[in-house]
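First the structure, then my questions, so here it is.
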């Protein structure tokens, strides 16, 4: 069960209101790499996890991410605080209010007009948060890798926001949040490698004849070799004929059909056949204005 | 530029039609861990990539994933081939057609009624594919980790589908596709570690005082220690007072407001104040049927 | 800041595994009336709220809803526990595994194949949770009404789930969760009516000439009178001519255009004019197979 | 059945074209609180409603909301009329056209480039309208509360738009639309309270021991009392131990498993165990550039 | 402005309740090819249309499609009427209610549990209606073609539903709705070809050297010729070298960068370079369990 | 199977970086009328197609559209190349970086902050690509019409982008892409009319008595006649009584219910009846501040 204390995990000190900066911050509130996605990613994994160590870790980090959601949402709220009252109270002449809204820039108009200046679960472009951002699948050797990657992405978005903000209090809080992603990545790395073996993920082994093949499907100027396709690590295939039907078969699909299925399909084929030997007049011909066809006589 | 050969990368041999199995296969066609997501993930990264080695690798693998999309989509098509014609041609008495559709099971009714038996870009539950499944952010130390995780997830979903399928031809093709994910994961791993250093991802270092702290936010029975929070690797914090305002401040947010902003906010506060000393009659009171309030006299 | 205790707010006792029942429970985990929607609705309102009493209440209830998310997610996890391992470990012959999956019923196949038996942020039909479910707009006289309605809806969905479940432990926990929605509705009712006046919501008054008009736009058999359109409460308009242009104007739109705008629009009008005096041959004519038009000579 | 008259319910008089203002208006066309959401909310309820009075009222209001959709969409069309032709006819030198588009501001570029200046079913940020905005569940004591709240929200968004618009004709029409929301709210209020009792919504009573408890989950500076948690109305719980397992049980989940389920889960647990006593080298170690681990020897 | 009459455009006579059939009908209520999509497609086009003839036609057909939405939604309501009360009133023992719900089949559980048996704006798989289904772009030579195609699709879905339904009253009403799509297609065809010329759509002509080229990008067994790529109509290109850089250039992208941009990019390139000459140890190596690397010494 | 060559189908020459222009180009990358939608539309049709000619054509065009996706994505990448490094490397003082980002305009902030300057599968407003854009249903007489319409729409969006771009290299490449849509439309036209008959689409004929009726549902000033509703082509119905229940029935819905269903519905009706003869006090009354009702005594 959760409990809450009204003190934040990190003190938020905002120098002055700035609705456009507020809007960029939404990227880490309701954006794909943001704190709600992080919290829900780990929380849903925790609920299905039976390994006691991982379950505890996932709950620890999920709870901290919820606390980060609170910090970043509070930053949004502070940056919008000045603008919030104006629209609600009609405190300005309308033409001036319109100019101010437009002048704030980027998509902050959505935050102000639709959400009243509060933090909304959207990214900085107004895209609604969706659970499609969460990629947990219930297998730890995959989920922990997903978590490692998610922490890396979140770290980068914080870095970009820091590079855009001169407000020292906001930079300080963003720096804290960014650092915690580094720490969480380390925990997930330890938890992944504490499972041995963890590669390949899951249980079924691969087919040995295809597991170390590198298929050079993109060719031409720019073809490169490196450890990711080196002869040391991979069997490098460049002959395009060899990519086709790598099983050695025809490469053509087959299925068994019973007589009724065949008959029905033949009927459909006949009804919908595009006659390759015709040269029909078409709607484009009628509409191209090149002849009298456009009007029926 | 792309070119296409009508032979598949792997021969698809389906023993008999099975719309319900077809529908499960959509998970790897238009599902979040499926081949379109994979192909588009690597392709969009490739277009923005300047490093020649990574660009080449991303194009190679993206092109192969498109070829896998073709293989899995062809499996769907073959498994649905028998059902496809029936609905189109009205080949059965309606009550029988309804029973057959219902009997096929799971969400295959959507595939049949809406998509005419063709492979649709949905998952097995009919959820439309969305670009929210793609988490590329344009920083290779994050994106390569995302790719590693994505390959791990795709490998697992193939494994589950194999565990559900007794058709030897389908199992064979799924085994091939599963194996290629293992191979791709290896390439991405090599490419990631060929960047040194790659941790922490990006450029900005973390704040050292917070980078190795483990915050034990979830407590009570079930608290565990392990390498992910061991004293060897982390500073372990369990005292809840120490989590609050880890910067040492008040934990309360602050922002500077000018006089007009303050005045407007005060006006809004007054207008919208919930009086804590009142005990108002409410709509719930009116509707609870416990007194005469429900009817105005 | 949040903290977590591993004990649930209510003990979950599940009699036996049932993946189909698990799937129905997702309605209150990742469905539109579910606990994540509730928690995020109140949490985002709290972050933007300046009134100290409402802020405290919103944080209290948001935190409790997160704890309910944990309870309902744990129910899902328990109900799926038996099925979870089978697919992961390939513990059954494939044809049998397929039959079991199909037999479980409804959309539980998505939960099992894609999410590995864990609680996913979808509704019972696999629809991904979206922030579009949250309707907070940052004005308390509207948001509190939204919260009252949300609690009423959640109460009903729990009631329906209880009506579908014979498992006594699940019924007991659902009954608790349902009851808490009643309690929360009461708190929101009190908080709304502790704002006086709160109707009409917001600040601007309506135009008096239109505020008490009832427009009887749907007529014919079934027209009814009641307090919602009674003469006591409303001016009842049934004459359709009186609905048109209720301002007394033409009902036709107008806008001023400068000369260049007019010229460009005239050019576009000319280019795209559908000639009402023609009777052109069309694509449908070409395709209706009624004449020789289909083939060009 | 519906019929249509080409005169609007309210005359739209727009002083001059303004694509940025047009774009803000989309909030009430295709936004979450807009007129399509309103019309569809009431229309879908009406179709399932058996109570003749409510059915009639829902059809009346749904039909009027469709007419409001027409009014607000016409405003969008008029405000965009000048810009519409330019892009279509290529009436300006391209660099100038680009500057004009950028200068119009906010997200009006989407409306112009993608939708050709017409009203699109998106909000002002380009977010596509989704049926997730509609929260009808088919129980009148919940749905009528949802409708009351929806009218309150729509009223507020109109108020904000009025505060942003100096154009007298637009303000006049928006004022009409805003006023009608007030009137509709009154009808829904009357219809709700004409059901007695209507609280708690639905049929099942709550568990009395939990129905009037207020759980003070958020504590610390800022804790407040008010009618929403007063001792008069609620049993106020602040002791955190008392929130855990409010049923008096262990707070730990339980489920019965058969032998095969247990065996499979044990196998999975063993395969995926994160060894808490290990201290494995990780990918982060390999990538941190602190030692020779990054390169295999 | 709209008006409504409570009589339907077509009488709905349903023989007996059938929740699974009801659910399939949702395909034409809230599905991509359904009546809401049709009504909104034409209505939004009408609002932006300046040509009086097309505007009138679009309003006529939009209004009729709303009336069709009412017919199909009423069918859903009638088919669900029996099930509706049971869940609401708890009229059955729970285990029986669960069996009935499961037995109804397909995704009707969502309609019953979440939507209370009412018609919801989802397709038959529970996918929420989205404005992404509407493809209007504000150019009549494109939009009329889109409308023609939309009517064709809707006709087919009705045909499939008719093929699934033995209930004579439902078949009769579906037959009417299907027929009206045919009629609407004819109107849109006439309106399109009443614009001359209408091909190519829009204003800009194509580049003549590329307008009649057919690029044979997919080769191998199955290559076919027909009127769509015949020598009579097209210049047929099969030489893959000729597809590359069809402008005669290098096929490689170029952009001018200033010095600072170049310097920054070089810095980024250096920081993120994947060294092609290395062979780093990777996370997969650590996790493959093939050596002692998994544990740090 | 697909193969790739690193040379583009058309050489991309960008004069100078321009993030705002880059963002507009996303409309044809990840927008509804863009190249991914085109490629996936034809590719999914091809996989389900049995007619060898159409299958070949669909694969040819799908493969070319993927190559166009590469061209337009490369344009985005080139236009963003200058901005890309700055945010990643923190190459500018933060206040300056913020001003530059804001100054770039439209929604390019999302592309830069979230996607790191790479082409993302969104439209120019940040809306995530969704498979809801694809309307294939597996019947060629419908799908080919959909394809014709899709090519027409894509042609128009390219035309608008050309009208916004002064950069000669970008205009040149866009002109090529626009021209290819014209060519593809011609192929699809030929393929459609090579099926005879193709109207009405599908197999079932319409009901003759309704197939040529034009229902004049929108009346009043602006009513027009043209070939789309002429007496020559249609039976024109203007009498509103004649639209109601066109089958000649009551226009009222009917369904048979068994006794238990009736009893349950009656119970529900009684429980949820809105009493039309009451005039209850409501929440709006309590909140309107017009009397003493707001406070309980």
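A few notes on this one:
Which chain is which? They are A, B, C, D, E and F, in the order written, and residues in each are numbered from 1.
Definition applied: a contact is a pair of C-beta atoms (placed from the backbone, for glycine too) under 8 Å apart; a residue touches a chain by one contact, two chains touch by 3 or more.
Since the structure is predicted, the reported quantities are computational estimates derived from the model, not experimental observations.
Simply put, chain D must spin 180° to overlay its Cα atoms on chain E, rounded in steps of 5. Counting C-beta pairs in contact across A-D and across B-F shows that the higher total falls to B-F. Note on chain placement: the centre of chain C and the centre of chain E lie 21 Å apart, centres being C-alpha means. Taking each chain's centre as the average of its CA atoms, chain C and chain D sit 7 Å apart. Separating the CA-averaged centres of chain B and chain D is a span of 22 Å.
Residues of chain E in contact with two or more other chains: 1-9, 32-33, 53, 56, 59-60, 62-64, 67, 74, 77, 84, 88-90, 107, 114, 116, 122, 125-128, 130, 132, 137, 139, 141, 148, 156-157, 159, 162, 185-186, 190-196, 199-200, 202-204, 217-218, 221-224, 226-228, 230, 233, 240, 243-244, 251-252, 265, 268, 271, 274-276, 278-286, 294. Contact residues on chain E toward chain D in their complex (touch as defined above): 1-9, 30, 36, 40, 43-45, 47-48, 56, 59-60, 62-64, 66-67, 69-70, 73-74, 76-77, 80, 84, 88-90, 114-122, 128-132, 134, 136-139, 202-204, 278-283, 285-286, 293-296.
Listed in rising order, the residues of chain B touching chain D in the complex are 141, 192-193, 195-200, 221, 224-228, 230, 232-233, 252, 274-280, 283-284, 286-290, 294. Those residues of chain A lying in contact with chain B across their complex are 5-17, 32-33, 52-53, 55-57, 59-60, 62-64, 67, 74-75, 77-79, 81-82, 84-86, 88-89, 91, 130, 132-133, 135, 137, 139, 141-142, 145-146, 148-150, 152-153, 155-157, 159, 162, 169, 172, 175-176, 178-180, 182-183, 185-188, 190-191, 193-194, 199-204, 206-207, 210-218, 222-230, 233-234, 240, 243-247, 249-258, 260-261, 263-265, 267-268, 271.
Of all the residues in chain A, the ones that touch chain F in their complex are 20-21, 24, 27, 31-33, 105-107, 123-127, 130, 156-157, 159-166, 171, 217-223, 240, 243-244, 251, 265, 268-269, 271-276, 278-285.
Those residues of chain D lying in contact with chain F across their complex are 1-7, 50-51, 53-54, 87-88, 90, 92-95, 97-98, 101-102, 107, 109-110, 112-114, 116, 122, 125-128, 139-141, 148, 185-186, 189-196, 203.
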